[in-house]
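Consider the two complexes below, in which chain A is the common component and chain B and chain C are the respective partners.
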Partner chain A sequence: MLLAATYSAPTVFDGIANTVALIVLLLEFGMLRAALLRAQVRLYAGQSLAVSVLAAVVAFGRHVPELYALAALSLLLKVVVVPLLIIGLLREANEEIAGSGTLGVTQEVLISIGVGAFGFFAVGVLGIHSEVLPTAALSLSVAVVLVAFILMIVRRDVVSQAIGFFSLENGVSVASLVVAAGMPLILEVAFLFDLLVAVVVFGVLMRTHHRRSQSLSTENLDRLRG
Partner chain B sequence: MAVVLVLLVALPLATTIACTAVSHRVAAALTALTGIATFVSTVAVVPSALGHTQTALRYLRADALSVVFVLGTCFLYAATAIYAIGYLDAEARVVRDQSVEQQMVFARHSRRFYLGLNAFAWSMICAPLVNGLALLWIAVEITTVVSALLVALDDTEGATEAAWKYVLIASSGLGIALLATIFMYYAGSQVLGQSYDLAFDPLMHKAAHLPQTPVRLAFVLAVVGYGTKVGLFPVHTWLPDAHAEAPTPVSALLSGSLLAVSFYAILRYYQISVVALGPRFPQTVLLVFGVASLLLAALYLLEQHDIKRLLAYSSVEHMGILAIGVSFGAPLALSGVLLHVLAHAAAKGNAFMGAGVLVRKFGTKELRAMADGIRLLPWSGPLFLIAVLALSAMPPFGLFRSEFQIVAGGLAHARNAATAVLVCLVTLAFLGLTIATTRILFRPRPDAVEPDDAAPAGEPSRWMVAPVVAGVLVLLILGLLPPADLVDLLNHAAADLAVGAP
Partner chain C sequence: MSGVPLPVIQGLQVVTVAGGAPGVSGFIAWLEARLQGRRGPRVLQPYLDLAKLFGKETLVPQGAGPLFRVAPVASLACYLTVPMLIPVLTSYALPLGYMGDILGGGLILAFASFLVAAAAAETGDAYAQLASSRAKTFAAITEPVMLLVVFTVAMITTTDLPYVLGATVRSGPAQIVRPAHLLASAALFMVMLFETGRIPVETHTGTTEFGMIESGRSFEYSGPDLALLQWGSAAKQLVLYVILLNVFVAPWGMASTTSLLAVALAIPAILGKALLLGCAIAVLDNTYAKLRLFKITEFVSAALLLAVLAVFTLYLGGG
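After this line comes the complex of A and B, so read on.
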């Protein structure tokens, strides 16, 4: 009886939610190994789309109509506005290939698998259960955050690093869908607005960097030390 | 009093908007007046913030703790706004005789500077005054993006590099802080129901019933996340770069206010965690981060080549002291910590403003090239010396009183080993700071410098001295006879923080 309760088959809702969360993580890995900056931006847009879909799934499955608004807003902002801004910058910069990582792709992916697995299982044992989404989605979101950190660390160009930060925010969005789905809409909108401000500032600084050094690479950003 | 709260938030915002349209001189005057007005109104709020919490417009809230932080920020806002008049005046004078194009460039630079300065001050005033952890995160994130633009303002290679590092590292840190926010939301939702807005009062009322694991997770994530902006080891790496490359008035605000405001965010999490988890866990976390930061800063202070980086590491040191002071948990130490926030704002503001004058005078940030400052700068030389002595917690200045309280609180609560470590490392930091200062001020000028290069004695601008004198007065008042209302305020805030601690 107890066993049956513990190992009951997941519902359709849980299955869909976990699949979408897993897609978010897979796209994060895609960004990690994408060699072209444009491809990376497209993957980011895809990941944001997955996050928006997840929000809509929760809104539908758990009857939280506010989340439809959130899904629409995040679709507009993260799938359309942010990628367009970065693509615009790339067109100006006329650079296609991402700055080579400090590590080879294989090592990057292996390290990320290790770190992501650590995040996945570490959160799993904490026993944080949500009524909205299965716990696996939370573990996946933490894995996304950690892989985003790896992405920011190993990449050596401003666009990839910025994308790393934006995708980190996607990971946090998934986590907030799991454990804070009831958060008032006004706060969620404020978070998104804040992200928009951050994106604009990132854009300004990327442009400044490109104007000064004529490249997107961060290789020459090593003068300040000590 | 609710009116004053709204005023405090609305006035700098109005000035920010006004600065988009007006000329350089008007913007300078307007900013200085706004700074002074906000400081005066915060002082006026102090007596009413003693007993009870003020709220306004649902999303604004002020209790003793937040007023302490707003007080420090507004003082520095006023001081740097006055200092900025002199700081930009020299550049304005240079371009006056030049082409129209140059004047346009300067006008744009000045407009951006005042726009950014006011927006930065506004966001830092908002952060302690908003009601709730989510809004607090938003305010801190706004401080980050605004100040990153200010760091990049000088448009040198160093400034671009520092700004990029700053915005990337601090934003990632705030990403972690956002995770902390939503885990705290989860913890609260177990008690307060699925939908609530993370306001402080309900959370603190129910803090004892919050589930332990999410709160523990949220607290550690908050210390690491907001700690990135506080400058705690090992996530301090943006700090010396940004402080060194920003325009001097911005450096003063970054160091004196921004770090403190981020520390305020940690204190809010501490306040909830200490009730939910008991004092042991949060205090140990803060102690570890505090000692590590203090140790790192003390070592880096011994070997510095750049005057503004020197002061930046001194900020890391003082943030370490704050974290250690909170980890002692004694009400005496906690009120010392809050006094330290105020005194550090005044002293570090003074030190950066003095350093700005030195950099102007010598035309470089390199410590090696600075000598004989005491003769060349009849006012700023001695004032810089006073600022450094104050930073090293010499009596009779405010930092002496605050560090004395922290140490006394630590000993009274039998945190003997940590207290001993604190005193040793502070002494080490004192050594590093004073060696560098002695070299700047008292070393005779090396012969290598050509005689016509040796600038004549004299101050670059009176506006750059006046706020420093005011800062010294504040330090003396805080050290010798702090006003009774202020002491009450600090004690109230410390008592709020000490709830649940032994």
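After this line comes the complex of A and C, so read on.
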């Protein structure tokens, strides 16, 4: 008497992969809303964990064993080392609250929904099909990148901008998992070390900025004259 | 084994919701108190409260029109109409189950809440009017979330009958892990927290009028009318729990035949599931602080985000 869904649902593997990619995007939105710097760093660690889990899921479901190595390495670097470094820097800076954005949280979320939707559908019409992951994961990763841009644009403090940049790298990692999961491990590891360079650069930036202006806010940079 | 007639099962659905609702509220209040280290009221306390209130007289404020007396009865009637439309005890649709879809059920719930708010506006009590105007303001911004959840359901099942979504979820794990379903369930859960007046939106048993949304509307009521309103809000809570559990999250443990045993077992099953959900609600109540009034829009915007993403993932074909 009752009809179950007539639409064919994606397979269990696709569903799980999509859900994990979605968690990456939701944590990106969480960073946009987070008011405390420490909470932002924690959310970044969570997001990196989700990316590592996605790599492990692909490794398990599609039998790409070298992705296990990538998952472990990104777990070590992005979930443990980078957040610890940033939290150490925060402890020196003695600041807790992120610089308020130029917009209210609700507007930020609505704008990000719009921008994310653009990313979703722009990638959707490209018709890129991947062997290992569903296309929705690619769209989600592009949405992550775009929302990370919004985070960097609307927030007025160095830490949020750094976190935005690092999480952008997470989005790119997801995209690379979709497009080229079998990419040689050495390339992916090069990505990770790029991130380490970025961490060093941002660390220096944070310290120098804090020493000069006694705050992490970038607001007074507007008034600089040559 | 001879089957139970379908109209009787249909009536049993209403009786289950009407009879079980105060108990579920009482259980949540008791568990919340236990988690805070208090002894708490006994689980059956809401029933005793109702009995006490039904034995008292009703007072009507001066100048209040007939709507003031009609609203409690009519709203309870609305809340008890919805259990005929949704799967409470059976996994197959009952004769009146096709009378309305999810939108129809939502319409009836919204109508009941409108009646209570309009009646509160008649009293001239500042706090009751404040509460009802707040309830309507925030209801207007949660409504898009509900609509998007319904869209998601409609796109998953190509219909919007709650029975079909339940059957779809039961059909296999592929339907459960798909992001659209998880997101729609989460968004519905957040709307449900708002609709039942739980933390982080409002304190359920608070006594400060300034924070009240749902619970402030019954200030001018007394006696049997107040009892009907309290019973109605408990019934609304259980109806929303049943929709979340039997349609979205856990559509198992329902009767699939008309046999007496299956139907009889379905009653404790749904009440048990509602109590489990109540445990989660009590833990949430004790974990979070109440949001400031102007932060509620942020809460709703988070729910909107989940619902919008559910529709997006479906459109991309991956959801």
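Here is the rule we go by: the second predicted complex is superposed on the first by the 215 of 226 C-alpha atoms of A that agree within 3 Å, B and C clash if a C-alpha of one lies under 4 Å from a C-alpha of the other, contacts with A are read in each partner's own complex, and residues count from 1 in each chain.
Simple rule for what comes next: a contact is a pair of C-beta atoms (placed from the backbone, for glycine too) under 8 Å apart; a residue touches a chain by one contact, two chains touch by 3 or more.
Worth saying up front: this structure is predicted, and the values here are computed from it rather than measured.
Undergrad: For the three-chain model obtained by superposing on chain A, do chain B and chain C clash or fit?
TA: fit
Undergrad: Using the touch definition from the top, say if A:F120 reaches chain B (first), chain C (second), both or neither.
TA: In the superposed model, A:F120 contacts chain C only, not chain B.
Undergrad: For A:I97, select first, second, both or neither according to whether it touches chain B, chain C, the two together, or no partner.
TA: neither
Undergrad: Just to be sure I read the superposition right, which of the two partners does A:A175 touch: chain B = first, chain C = second, or both, or neither?
TA: First partner only, chain B.
Undergrad: Scan A:T135 for contacts with chain B and chain C and give back first, second, both or neither.
TA: It touches chain C, and chain B stays clear.
Undergrad: Angle at the Cα centre of chain A spanned by the Cα centres of chain C and chain B: state it in steps of 10 degrees.
TA: For this superposed arrangement the angle is about 150 degrees.
Undergrad: One more residue to check, A:L76. First (chain B), second (chain C), both or neither?
TA: In the superposition, A:L76 touches no partner, neither chain B nor chain C.
Undergrad: Looking at the overlay, does A:A35 come into contact with chain B only (first), chain C only (second), both, or neither?
TA: So A:A35 meets neither chain B nor chain C here.
Undergrad: After superposition on the shared chain, which partner residues are touched by A:L84: those of chain B (first), chain C (second), both, or neither?
TA: Neither partner.
Undergrad: Between chain B and chain C, once the two complexes are placed on the common chain, what is the minimum CA to CA distance in Å?
TA: Least C-alpha distance after superposition: 18 Å.
Undergrad: Taking the touch rule as given, give the residues of chain A at its contact with chain C in the complex, in rising order.
TA: My answer: residues 1-7, 9-12, 14-16, 18-19, 22, 25-26, 29, 33, 105-106, 109-110, 113, 116-117, 120-121, 124, 134-137, 139-140.
Undergrad: Mind listing the chain A positions that touch chain B in their complex?
TA: 126-128, 130-131, 145, 149, 152, 158, 161-162, 165, 168-169, 172, 175-176, 179-184, 186-187, 190-191, 194, 197-198, 201-202, 204-205, 208-209, 212-213, 218, 221, 223-224, 226
Undergrad: Where on chain C is chain A touching in the complex?
TA: 91-93, 155-158, 163-164, 167-168, 170-179, 182-183, 297-298, 301-302, 304-306, 308-309, 312-313, 315-319
Undergrad: Would you mind writing out the residues of chain B in touch with chain A in their complex?
TA: Interface residues on chain B, with respect to chain A: 134-135, 138, 141-142, 144-145, 148-149, 152, 155, 157-158, 160-165, 167-168, 171-172, 175, 178-179, 182-183, 185-186, 189, 193-198, 213-214, 217, 240-241, 244-245, 300, 303-306, 309.
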